[in-house]
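Each of the next two complexes has chain A plus one more chain, namely chain B in the first and chain C in the second.
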Partner chain A sequence: MQTFDLEAQGLRNLNAALQAQSAETNQTKWEVVNAKGSHAIAVGLDAPIEVNVMGSTGYYCAGMNKQATVHVHGSAGPGVAENMMSGTVIINGDASQYAGATANGGTLIVKGNASSRCGISMKGVDIIVHGNVGHMSAFMAQSGNLVVCGDAGDALGDSIYEARLFVRGSVKSLGADCIEKEMRPEHIEILTDLLERGECDAKPEEFKRYGSARKLYNFDIDNAY
Partner chain B sequence: MCGIVGLFLKDKSLEPKLGDMLTNMLITMTDRGPDSAGIAIYGTEHRGKVKLTVQSDHPDRDFEGLAKDMKQALGGDVTMRVNDTHAVIEIDAAWAAAGRTVLAEIRPDVRIMSTGESLEIYKEVGLPKNVAARFDISSMSGSHGIGHTRMATESAVTTMGAHPFNTGRDQCLVHNGSLSNHASLRRKLRKAGMHIETENDTEVGAAYISWKMQNGSTLGEALASTIDDLDGFFNFVVGTKDGFGVVRDPIACKPAVMAETDQFVAFASEYRAFVSLPGIDHARVWEPEPATVYFWSHNAAPTATEKAA
Partner chain C sequence: MKDDTHSVPRTVPIQSATFSNPTNAEIRRAAATGIYDIRGGGSKRKLPHFDDLLFLGASISRYALEGYREKCDTKVVLGTRFAKKPIELDIPVTIAGMSFGALSGPAKEALGRGATMAGTSTTTGDGGMTEEERGHSTKLVYQVLPSRYGMNPDDLRRCDAIEVVVGQGAKPGGGGMLLGQKISDRVAQMRNLPKGIDQRSACRHPDWTGPDDLEIKIMELREITAWEKPIYVKIGGTRPYFDTMLAIKAGADVVVLDGMQGGTAATQDVFIEHVGLPIIACIGEAVRALQDMDLHREVQLIVSGGIRGGADVAKALAMGADAVAIGTAAMIALGDNDPRWEDEYNALGTTAGAYDDWHEGKDPAGITTQDAELMKRFDPIAGGRHLNNFLKVMTLEAQTIARACGHNHLHNLEPEDLVSLTMEAAAMTKIPLAGTQWYPGKPGTSY
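Presenting the complex of A and B:
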């Protein structure tokens, strides 16, 4: 295992070293110590490596991730796993605002709570939150799944397009065009897989599904050019 | 952007280290706001006395003989200690208003940073580490304090535009965000008799809270009403003689994080400002909820009041 002291060696060196790994690398396991809330840790990775960040991170940890597994052994600051394409990001603690924003693929697991705007404009990512999510989560979500084992804040799924939102607890309010939907067998199947991947012991039957009513301007055929 | 920090000590044994801890937190927030910095410290008070913390761009000229001149005008004891461009003038509490009037007459170029029994505010243009060093903030002791690093967005980079803003005796405020209705609110508050010196939006927020309190609101009520009457994005951290409070707007897009242990309560724009605080690895760390007022006091239990929708 490679150990990298962020305080001693610096952020640019860390990201350069991680980004230099190829699919054939034998340096597959990395540990980052002295994270101390620093920004942009382990961004732009594109190799099947595992990065363990010991401690909490600042802005944009694991942004633009491809293939890698980034595991934060603490809490994550704003914008964790933003624009992720593939791979897995696991946060042991809480995640701040806009976790998984605009992410196209991969899996984001938050073992604590996520803050406001979790999964904003998500485009294919699977986000599994063990605790609660804050207001405006899945705002303008386009594709993918958001699983919330706790409660959701105000305006869940505001202006949502096609993503699936599964919430076990209460929803403070639904945003524009977001409605509760029927939980069909295929959704139970999808959710069972997500809960297993997210290491959640919740039962899929305890969840409600929310999604788009497809009534907003963009869904009206008369608005087509 | 701007960076804000606050530290409220529960453990008295940490009081000699307050300035040092706040300085570290402030310097960590430099890249959120390198234009100017300021810090408010609630330190030693002397019974029956009030402190005017003043600033001059020409301290050699303006502070020379100032204590003597004020004593002559006011009568009674006036003490003064100079700290770089600032000076703390201590007078009988009953003369607080008269002291401000006299000061404006005998030293028109001197600006008042704060008035309070325990509060002192130090602020200047420049990098936070340089501002903290020139006032030797790290050597100061106190029970609580707040600080600010400014990235100017809507008014000039000047000493007067730096935060914190003093909003009434022993009250001060720092802000991260921008208020969009500050011009109309400034006109309204000036008509109501409030003294607002700058074009800075934060000063309007501070004056608004003072105005509400002068009209009978408690601090908690005044903070809660900011959610209705101020437009824009804001995190406010306020200091009072015995406590400090936090409020976020309902959209809550400006970052805020809090930490609490048996020894302290801390606020910062980012978690990394906390990393050198004692016992932070075992602290309860959370983000304050939108449209919710949090307040800690040395005289009362902590409170969190959610503003009804």
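Presenting the complex of A and C:
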């Protein structure tokens, strides 16, 4: 286990050390102490290492992650795991706005609530939120899965493309072109896997599925608001 | 009864300046279709432009340099504020961001070839980085756009500079739309979207909501790239003083300022013609912001929007820019709207020089298309050579003017080398009206 004191050693040194790890490294476990809400912790990683951040983080923790598992033992600020390519990011507490924004792959697990714009423009990531998500979540979501075990705020899935949204609780309102869809056996199968990976004991049958009506897929003046 | 019908002069038919033939035609088209016009390119109407400024060559009060013989340097270094690896360009003319998807792969290759020969950079666009462009561009600027199509950390590290695009001159506040007919398998794959459906680019960044967030976003990009790459921030010309200030406050190494004459791949005509500011109205305000922050020349300023030749380059630099970017002019240099394809332009209901329906993917020149057969018409090697020639001519022209004004570096051009030809230009630029020391609004003077 490598322990890194962020306050004493500084952000640049932390990210340089983590970014220098490769698939062959034997320094596979890292612990970051004194995070104290710092921004851009553990960004741009590209190795199968495990990073445990002790405490809450500021903006963009684990941004553009590839391969690494980043575990925040606290809450995460805005833009956690933004544009993640692969790997896993786990937040023990709550996540602020834009969690998992534009992420292409990997898994983001939020064990508390996520704020507004969760999964905005998501492009292939799987996001599992144990609690609620705020307004405009999954706006222009292109692909991947968003699982919300609690409630969703206004305008869920506005202008959604091919992403799948699973919500167990209430949805305050659906955004443009987002509709409730049939939950077929293959969706139960997908959701079962997601809940298992997300360490969540909710039952797949309790969820509703939302997705695109595909009416905005091609420009049509009759769809203009 | 006497018939005097032919002896009374009749009123000559007069076309209304307000309801002109093009205006009426657009009303009829709108009435027939119920859809606003979408097109590419920049503003087509007459706007205050660099043509409204003139240079004062040297005579007795200034000492001219000998054309061709005496040195007039053209180098520019971008990103000297924070980046460990600033970009050095041989000429202060760069290629503006244009997306793969809007442009074909061979067209992106040609931009890379031409820019590299000329010693300057190209810029990616909405759609990500292509091997054609990275492979042929010695210096490549990677755009971080609201859509984040194709965005990944590997390409972020393969670029030479990063440009965070907040807006562009043709449509400040607007997003983009690549219509489904241009979405080939490759374009769809790069953008994580199904083939054949419209691909919208959001009008705002998904993971930040204001200048304070932008500052932290820039820090994240620097952390991912080890603080090596210059960070540009591109803004559309709307409120250039405040937007430049906020971009600098957020940590930009370079501010890219795009006026409303700048082109776009496709957007609403009403947007192109009615939103934003002419570029000459923007430069002085951006320079004033830089000077007020005591960062002029430390944070570099690139301006774009209708730059067509060396005179435009020299005028932009004289007003305080460090470099210019060209988009539309570069496409024309490659062969866009070339009269050799006139018959085919006619078949599309237009004419060479006016073709702007790039979003339809039917470009006869093979440049703004993803159609495999049309793309074959375009030779990226010849296109690159033409672009290089054009960049050389622009540079030579700008040098010629600079020498005539007595300067041994293009960056030594200054506002005092210029006069305004019109009251409007004088008011917008604060460069005195020709033959006077006055511009509208000059402190201590009255109208």
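Note that the second predicted complex is superposed on the first by the 217 of 225 C-alpha atoms of A that agree within 3 Å, B and C clash if a C-alpha of one lies under 4 Å from a C-alpha of the other, contacts with A are read in each partner's own complex, and residues count from 1 in each chain.
Simple rule for what comes next: contacts are C-beta pairs under 8 Å (C-beta built on N, C-alpha and C of every residue); 3 or more make two chains touch, one makes a residue touch a chain.
Keep in mind it's a predicted model, so treat the numbers as computed, not measured.
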Notebook entry, point to check: Now for A:F207: first (chain B), second (chain C), both, or neither, which partner does it touch?
Noted result: neither
Margin query: Under the stated touch criterion, which partner chain does A:F166 make contact with: chain B (first), chain C (second), both, or neither?
Written below: neither
Next item on the list: Using the superposition on chain A described above, determine whether A:H135 touches chain B (first), chain C (second), both, or neither.
Entry: first
Margin query: One more residue to check, A:Q19. First (chain B), second (chain C), both or neither?
Written below: second
Item checked: More chain A residues in contact - chain B or chain C -> C
Note to self: A:S56 in the overlay: touching chain B, chain C, both, or neither? Say first, second, both or neither.
What the structure shows: first
Note to self: For A:G37 in the superposed arrangement: first (chain B), second (chain C), both or neither?
What the structure shows: first
Check: If you stack the two complexes on chain A, which partner ends up touching A:S115: first (chain B), second (chain C), both, or neither?
Finding: first
Check: Who does A:P78 touch here: chain B (first), chain C (second), both, or neither?
Finding: both
Next item on the list: Touching chain B in one complex and chain C in the other: list those residues of chain A.
Entry: 58-59, 78, 97
Item checked: Contact footprint of chain A on chain C as seen in their complex -> 33-35, 38, 147-148, 151-153, 156, 177, 179-180, 191-194, 197-198, 200, 202, 206-209, 213, 216-217, 219-220, 223-227
Checklist line | chain A to chain C touching residues, read off their complex | finding: 11-12, 15-16, 19, 39-40, 43-44, 46, 58-60, 63-64, 66, 78-79, 82-83, 85, 97-98, 101-102, 104, 117, 120-121, 123-124, 139-140, 142-143, 159, 161-162, 216-219, 221
Check: In their complex, what parts of chain B are in touch with chain A?
Finding: 252-253, 255, 257, 270-275, 285-287, 290
Check: Can you list the chain A residues touching chain B in their complex?
Finding: 36-38, 56, 58-59, 75, 77-78, 93-94, 96-97, 115-116, 134-135
